[in-house]
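Multiple structures follow.
Presented sequentially are two complexes of chain A, the first with chain B as partner and the second with chain C.
Presenting the complex of A and B:
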């Protein structure tokens, strides 16, 4: 358009602190310069991955329902966990067990949930956090709504909404970020771009160069980060959360990562992506680089790794036993917590359920 | 001894096929060590050992199909405490256990009698639709619960399990002398073909019309299959009634704008039908590339389910091998299929003279319940018109 003037100009910054070989790309911001936290985060990634592997095996042997593995995405999940404060509220999708574990959700809780027992969403340590959200993007308006509540009450808290790359095509996502932008809400949106919405690659999902730039249309601060870089996640989410809590508005962060596993245990990713692509992605996975980073600073050793893995495996085994021996809920419990006062028609059904299950 | 039974590896699957065992009888295995690769309707998955122990029996060999809940592996002794005999199903599965099967859904609350015939819901529904009295059946499920198979055995006389013994209608076949032959259970693709062909025979009223396209005017640059695909798309634009699905229950047909052509591909495992999407809107180069990709994928069996479903028209290029005309079979809900025979030089009458022309034999089968004869031949005429263009 000749003769026109530019009325607005945008850019999307990118952040990486730790490259795929575990080397720092520049000076470390003070927010991430905490060796004790490095160790705690790394340990949590190991614990998460071992649990994840066990959960898949439980499904394969008929002891767990459909399960969505998080292999390769641990840095985003654990980094987010470390960046938040207890008073913040997390609105997850269904894969972010690293965040859940960091915030005190137990291994047994997660097993119960994927075993079909809703008692697994009763989080004793973080009762304000939302449960896993299987419908796509419906958690985002909830997150924006919670952020509005914090703002109206004048509380120094933030809501953190997770969403996947495919989820950013949903109307609910756009509505939520638009609302948060318009009202300047304390909302941190983390788009976990693991490259696939089940079998649909990002390139068929959008014509945008980045998913981060979707935040520009909502008028919010946005950036893209290396989601396999634990330190970048810690810094980006930590800064965004601090800004949100002190009233400086929302941020959208696109974390680039790769789903090394199948979408869920009902999926077979080899049908829609090449082995070479997965091999290449494996070289950029998040845990190896963090371990190298720690080992180079003499903070971690093979012996510590082995001891920690053994400790986690024992903990996981105990949690599995606890899960498998949890008494089942009676049939009529499905009617609990649905209505404050159960309608007559459902009372009848509950009676029937009790009669047929022998629980008069 | 403890037994590990085949769990539901997806969501609501009924069976799985053994691809490969990773262990042998006598092996000592650890918890989570891979036991076997299984192929379900959704995926090939590796199943780990639920416990540590020594393998006593492997049930089935590569290629065998097992029902969910069937014994998969027996372990020696009770070392295999984790295997569990009911650990195959997460939560309760009332349809199998008969646990809540004593009720009927039609009763008003409070009137349910306690004297009930026990049957799983699916069996109850089938019995109702077949008019089978459940009280005449003996259940083979746990605690005498009537299972789906019990109703089928009693109510579907055409099934072999229910065929009357010693029937005089037709003597059972005797294996002829000179060898017992080889029994091959139909699997995956062949099984699917048997099912879709039976469905076609039972529902479609097929009618076939044949003709030839004269390719004399073709220049040297034409790609045989691509030309046929383009002609199909154009014929479907001219007569949309053949690019359709028919729902006989609803007595409704659904006419499509885009033409998605299912292409019959011969593989060592049987017939596979990958689908070329929206063939009318694509360039010749694009069609050729996609065709090669689909053929390759079909032969390697790597195509996802999405690419093998929901065609609106079907093409069988049987003339690649031999055959002039045929009566190709319509696969519902589609309503038509085109077969192309072996292209050959024919002696033809041209402007009062005898000439030799290259011709392509065409066989069009349509479902006469929903396509009229006039529609079919108008479609065929449009196809031939396009095929006879220079390029």
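Presenting the complex of A and C:
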């Protein structure tokens, strides 16, 4: 446009600290320069992956319902966990068990939920975190709403809303980030771009070069990061959370990763993507590079790896046993939490349910 | 005591609770400086500040979703949806979250909030501004759906709604906003939100309605009384859960039932009531149940709205039919 004036100009920064071979790409920001935390995060990634593998196996053997694996996305989930404080509140989608475990949700809770029992959302250690959210993007207005509550009460807390690449096509996503921008809310949005919404690749969702830039239209700080780089996740989310807590407004972070698994145990990803693509993605996965990084610094060894895996496996086995031996809820439980007090008309229905409980 | 309209009563109830509950906030489109397009929140921002009474972006789904989290965080959101015809973008939040949050977390996170919305037709409004969509909400266990029919009941039921531990959909009949004035005691007393209200006592026919349709129901009852037909007129008031005990008591007494509502007939709340009466009191009925409802057509633009909305004649006719049948 000749003679036109540029009224606004935007850019999207990219952050990677640890490359796929486990080498630092530059100096480590102080937020991520903590060897004790590196180890804690790495251990949690291992624990998460072992649990994930076990959960898929349980589903395959008929002991768990449909389950959405997180294989390959552990760095985002664990890095987010480490970057948050207990008083922050997380609004997940349904795959972020690494964050949940970091925040104290038990293995049994997650098994119970995917095993068809509402008690799996009764998180004891993180009482304000929301449960998994299946209707895509509908968690984002909740994250914005909690951020608004913190701001109204003058609390130094942030809300963290997860969303996937497909979720960024939903109106609720735009509405929530738009509101957070307009009100300067303490919201951190993490777009986990795992490249696929079930079968639909990102190019089906948008012509945008990045999903991060959607935050520009909401008037918020935004960036793209290597989501398979645990340290980049830790730094980017940590900085965003600190900004949010001190009143400097929302941030949108697009974390680039890859869903190495099927969408869920009901999905067959080989129907819509090539084996070569998956192989290439596997070379960029998050755990190998972090392990190399730690080993080069003499912080981790094969022996430690073996010992930790054995410990995790024993813990997981115990949780599975606990899950499998948890009796199902009584039939009354369907009625117990619909309203604060059971309405009269539901009493009639509860009588019917009791009468036929266990009989078909 | 001042005679006030329903919309003023709704304003007063919110002011009372804002004054007495520091956790209550009011949000919605144009609810702040403008005081709401119907003035239901007029003056509240000036009095309680923009921290507690504030405008949102123009997005009903967002208003509902933000309210879910405000409630989960221990605040008490009272949100306005500008017209019920615009509820659709909010339904995902209402159905997927508001109604279910308590149950899906086994009571860990609850969602006590109020979503206020103008309901029904009769004010010659533009397209999409006259709908009676209560069925959409009543189909979701976990919600309370209320519809008051007088200034006093609007005041007391709104206070009851705000203090309820459950999410409450508060349907405000637009036609009644300024139709009649009534003395309303601004004493902070809540009315029950799970009960019918008896508007007129009679032994011959039970006549049920809610919202603006109670006006036609009462006129019909008055006309029929001149023929010595005495209607037991109940304002159902709580459309979910429904106070079936009161309804069944009345039906057992009269043996006849007419239900009048503005919403379309198919799957209307009237159908639910008729079915439940059939299940529990069929042999007490002396005539088939009659429904007088909006037709199963699109709510017409306003030149025809009075053809659509049930009027006194249709109700009187239905009542007479139950007497002939019996």
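Quick note on the criterion: the second predicted complex is superposed on the first by the 357 of 360 C-alpha atoms of A that agree within 3 Å, B and C clash if a C-alpha of one lies under 4 Å from a C-alpha of the other, contacts with A are read in each partner's own complex, and residues count from 1 in each chain.
As a convention for this text, a contact is a pair of C-beta atoms (placed from the backbone, for glycine too) under 8 Å apart; a residue touches a chain by one contact, two chains touch by 3 or more.
Keep in mind that what you see is a predicted model, and the values were worked out from it rather than measured.
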Three-chain arrangement built on chain A, chain B and chain C clash or fit: fit
Touching partner for A:277 - first (chain B), second (chain C), both, neither: neither
Which superposed partner A:33 touches (first chain B, second chain C, both, neither): neither
First, second, both or neither for A:357, with chain B first and chain C second: first
Partner chain in contact with A:60 - chain B first, chain C second, else both or neither: first
Once both complexes are placed on the shared chain, angle at chain A toward chain B and chain C, C-alpha, multiple of 10 degrees: 80
First (chain B), second (chain C), both or neither touched by A:248: neither
Smallest separation of CA atoms, chain C relative to chain B, angstrom: 5
Contacting residues of chain A [partner chain C, same complex]: 118-119, 121-123, 127-128, 130-131, 135, 138, 140-146, 148-150, 152, 159, 171-172, 175-176, 178-179, 182, 333, 336-340, 343-346
Residues of chain C defined as touching chain A within the complex: 25, 51, 56-57, 59, 61-62, 64-70, 72-75, 89, 92-93, 96-97, 102-110, 141-142, 144, 164-166, 194, 241-245, 276
Chain B - residues contacting chain A, complex: 4-5, 7-11, 32, 42-50, 87-92, 99-100, 102-103, 109-110, 112, 302-304, 306
Chain A - residues contacting chain B, complex: 53-54, 57, 59-66, 115-117, 199, 262, 265-268, 270-272, 328, 331, 348-349, 351-353, 355-357
